[in-house]
Amino acid sequence: MRSETLTPQRAGAAAAAFSVVAALAAVLGFLLIQGWPALSAGLGELPSHAENMWQLAGPLVFGSVLVAAIAMLFALPVALGTALYLVFYAPKRVATVLGGALDLLAAVPSVVYGLWGIMVLAPALAGPYAWLNENLGWIPFFAGEASATGRTALTAALVLAVMVLPLTASVIRSALALVPEASIEGAYALGATRWETIKLAALPFARRSIVAGSMLGLGRALGETMAVAMVLSPTPFLIGIKLLTSENPNTVAAYLAQTFPESHGIETSALIALGLALFAITCAVNSLARWITREKTK
Amino acid sequence: MTQLDNQLAIPELQLDVPVVHEDQSVLKAQSRALIKDKVIAALFALAAVAIAIPLISLLWTVVSRGLARIDAEFFTSSMKGVVGAGGGALHAIVGTLEITGLTLLVSVPIGIAAAVFLTEYAAPGSRFASCVRFLVDVMTGIPSIVAGLFAYSLFSLVLGPAYRSGIAAALALSLLMLPVVIRSTEEVLLLVPHDLREAGWALGAEKHTVIWKVVLPAALPGVISGVLNGVARIIGETAPLLLVSGFADAMNYNPLEGRMASLPVYIYTQWQMKGLDAQAYDDRAWSAALVLIAVVAVLALAARLAPRLLKGKK
Amino acid sequence: MNKQQTQTHPHEPRKTGAQTLAGNLAKFIAPLAIVPLFLTGCAANENPSVLSESQSAGSAALQTISGSGASSQTAAQEAWRAGYSGTVNYDPVGSGAGREAFSSGGAAFAGSDVPFKTEDLKSSFANCEGGIVEVPAYISPIAVAYNLEGVQLKLDAESIAKIFTGKITNWNDEALAELNKGTALPDLKITAVHRSDKSGTTGNFTDYLAQAAPKEWSAGEVEEWPADLNGEAAEKTQGVRETLANTKGAIGYLDASQAGDLGVASVKSGDVFVTPTAEASVKTVGGSSLETGRGSADLAVDLNRTSVSGAYPLVMVSYLIGCEQYKDAATGTAVKAYFEHVISESGQKAAAEHAGSAPLQADAALAEKVAKAVEAMK
């Protein structure tokens, strides 16, 4: 190693690195400054006739977490299956095509997902929802009166699942690709079938990355905006787990996009404060994901 | 099974065992396991197929509806003075190009410099470096709408709440782009063999000279690939642009002042604020969506091919 | 991919890394050089020569003015601006933000779904010497639209209120059958769709219910749908439209111009059932009195949705707001010219054709009142 003297180049590079710290501090700082006035605001000043910030934020945070969690419930098995298929089963050409498909899914703009969700997916799901509601209505999630439009929390979650799938799949795929060849060859040598090999050698090795990948997907789903805003039929201040009805809790991000363009004054502050809450939640989720992966490398 | 478990706990010891792939006799002895294996393989393949369903449905919708307005007027006109049918998205395309260009101008130099710091300058185990790495990871997860709110907060504090501009959008997108550039560049820099650097130092070159003339050129294809991937990701962002650059129906070349149209917001507003001739608006929205997806696909493809192309020409 | 990158280090002699860097970049970027060619050309429909011509030809070159406000006027403003000789920017930021921008001087005029409140009029307006002008410029009937094939519905305020409060849940309800004698209504669940965002449309719809069916509608006039009422919610007009179009048995309210292929209900007005035509809608505005305690050019309409028989009661009135006298004379001239264009027969007709609004001229007395208010502007 060369001696580390403080050259201008080194200082410049360090400053660039520091800009990351500065940028995050600025995000936090400016959102705090602009959002602060809303914390003490009361009835009449806040959007949606909310009595205070907590009444506004609580149901929205609940909605965000609910929809994102259900999205991961769908996305994780498919992402895991796809990643395993890609790494252990797929012929090279199929893998290339599939990898391209994943890239494309990841890159489709969320506003296009929104258009697709409201015009294609939701109407197509209304029928199945009515069936689920009729036959499995005893499950609390499927209770209530099924929406005839299909624009429910479940549809929003399904759109989100498609959107976060590529991210989760790619995290898991990278981890699976790192499984030591020796473990795999060893398992094969012992006469294990492909599935046994995966179960015994690959999955334990990639376990943390699978968890981390789903956390990252969850973080992405929590912050996803336009698709949910366009697809979901929200009811203000609602906290509920019925997924098939017309009345659904809204998400923080979707509410922001719907309300912000026509807000002014203290309403804007309230929305920025909500953005701060969303920032905090996604940061926590992502930090947890990183912590899980970092633990492994130590 | 438990026996297998025990053996596999120390897989390195298996290195000397001769490799026997799917030995027939073993498989026959385990026909039940084999069936299970096939079923599970089918399940995984099914998961992969499940991905294709929404993708095909989505692409079919966009292409079949989007072709309606892929014509010359669409690429040469704005929406200024357009009533009903006709008009185009040139102003939105230009807006998207300008905003994306500005975003690159901010995020690429800073991102590469930061990555150089992390891999080349920071002492191993440096607390600052690991802190920065952690924050880069945190930054990767910032929801795009929060980035938009941040840009709005910053500019409205200085220039008033009515300020809308392309540069504010570029700031929001830079926040999303920066961690992508840093991470991908860092990954590539780490792959540059250390002997290369040492060879440079041995010749008496300054450290920064080695970085500039040896390390970065070696890493260039990977860096470009990472940047292109990042652009593919941010070019379709809608929410932050809706907040800070708004929508406009006329050309605005000046990113410092006034609303600036962009393709994603154009799609949203064409769908959202229709006049009487709704079909004309829908057609424009889907055509813009088709253009945007095509651009993104080309970028993603370029990101894959860039390393090969750049290498091949040497 | 990564493995390939490790092999790309430049070991070739006599070629510095920097050259390689630059050369590779150039090769890669060269195709992109075509892009600026597109950028140098202006949009084909924004020919600058046409603009300067009109500006120099007219004896009074009109100053460029910017307004902001209600997004409900977006389509109408498109039509108005297209037919106007000067340059006008309209920023659809929402009624509240538009009024705020106007009073703080950030916008030369505002478009708003509601007039200023009388107490707000006491404060000073940055652009104005003295009072303000508020004129109804965009009268838009709100349709009660539904997705029922082959059915022409008749509804009254009570039944609409009951549908949207969830008291009537099926199309074969007795109350509906009573109103629609001779029409076979299906045994089908009603999906009532309302706006999820804050909107003037919801404000006028709920105001109608509060005026015409106070017993069934207790929430009053609200721009945001009451949180305690259930029902399907959709974002903006297009969300409602999309939801209605995709759902059998759905009913909702939206700008009549956006109803498209959906069924549009006739609404009971006095003893007759009225469809949302231009004449019937403007009749409601013309038959209402003006709010008192305002300046002579401040035409805030106190909409009376119950007493004018034969008028279509579900209308939204959106205003243009400007100064009686501008501090800057050039701005005043331009805004006045624009307002004159907007309320003129051709301006109103353009908006009717493009945005589906009801022209003011359908009620001669109203059109005259509005013209007089604009006439007084300086």
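Letters A, B and C name the chains as they come in the text, with residue numbers starting at 1 for each one.
Heads up, the rule we're going with is that contacts are C-beta pairs under 8 Å (C-beta built on N, C-alpha and C of every residue); 3 or more make two chains touch, one makes a residue touch a chain.
What you see is a predicted model; the values in this text were computed from it and never measured.
Peer 1: State the chain with the largest centre-to-centre distance from chain A, centres being mean CA positions.
Peer 2: C
Peer 1: Which pair, B-C or A-B, has more C-beta contacts?
Peer 2: Higher contact count goes to A-B.
Peer 1: How many angstrom between the C-alpha centroids of chain C and chain B?
Peer 2: Chain B and chain C have C-alpha centres separated by 36 Å.
Peer 1: So what's the Cα centroid distance for chain A and chain B, whole Å?
Peer 2: Chain A and chain B have C-alpha centres separated by 16 Å.
Peer 1: Taking each residue of chain A in turn, which ones touch at least two of the other chains?
Peer 2: Counting only residues that touch two or more other chains, chain A contributes 119, 261, 264.
Peer 1: If a residue has to touch 2 or more other chains to count, which residues of chain B qualify?
Peer 2: Within chain B, residues 246, 271 contact more than one other chain.
Peer 1: Taking each residue of chain C in turn, which ones touch at least two of the other chains?
Peer 2: Residues 71, 93, 97.
Peer 1: In their shared complex, at which residues does chain C touch chain A?
Peer 2: Those residues of chain C that touch chain A are 71, 93-97, 100, 189, 191, 193, 196-198, 222, 224-225, 227, 230-235, 239, 242-243, 246-250.
Peer 1: Can you tell me which positions in chain B touch chain A when the two form their complex?
Peer 2: Residue positions touching the partner: 4-5, 7-8, 11-15, 17-23, 26-27, 29-30, 33-34, 36-37, 40-41, 43-48, 50-52, 54-55, 57-59, 61-62, 109-114, 116-118, 120-123, 128-129, 131-132, 134-147, 149-150, 152-154, 156-157, 161, 175, 178-179, 182, 201, 206-208, 211, 232-233, 235-239, 242-243, 246, 264, 267-268, 271, 285-286, 289, 292-293, 296-297, 299-300.
Peer 1: Help me check something: in the complex, which residues belonging to chain C touch chain B?
Peer 2: Against chain B, chain C makes touches at 1-2, 4-10, 12, 16-18, 20-21, 24-25, 27-28, 35, 38-39, 41-46, 68, 71, 74-75, 78-79, 81-82, 89, 91-93, 97, 101, 106, 236-238, 241, 257-258, 260, 350, 353-356.
Peer 1: Using the touch definition from the top, list the residues of chain A that touch chain C in their complex.
Peer 2: The touching residues are 47-49, 118-119, 122-123, 126, 145, 147-151, 229-230, 233-238, 246-247, 250, 258-259, 261-265.
Peer 1: Along chain A, where are the residues that touch chain B in the complex?
Peer 2: Counting only chain A, the residues touching chain B are 2, 4, 7, 9-10, 12-21, 23-24, 26-27, 30-31, 33-35, 77-82, 84-86, 88-90, 98, 100-116, 119-121, 162, 165, 180, 182-183, 185-196, 200-201, 216, 219-220, 222-226, 253, 256-257, 260-261, 264, 268, 271-272, 275, 278-279, 282-283, 285-287, 290.
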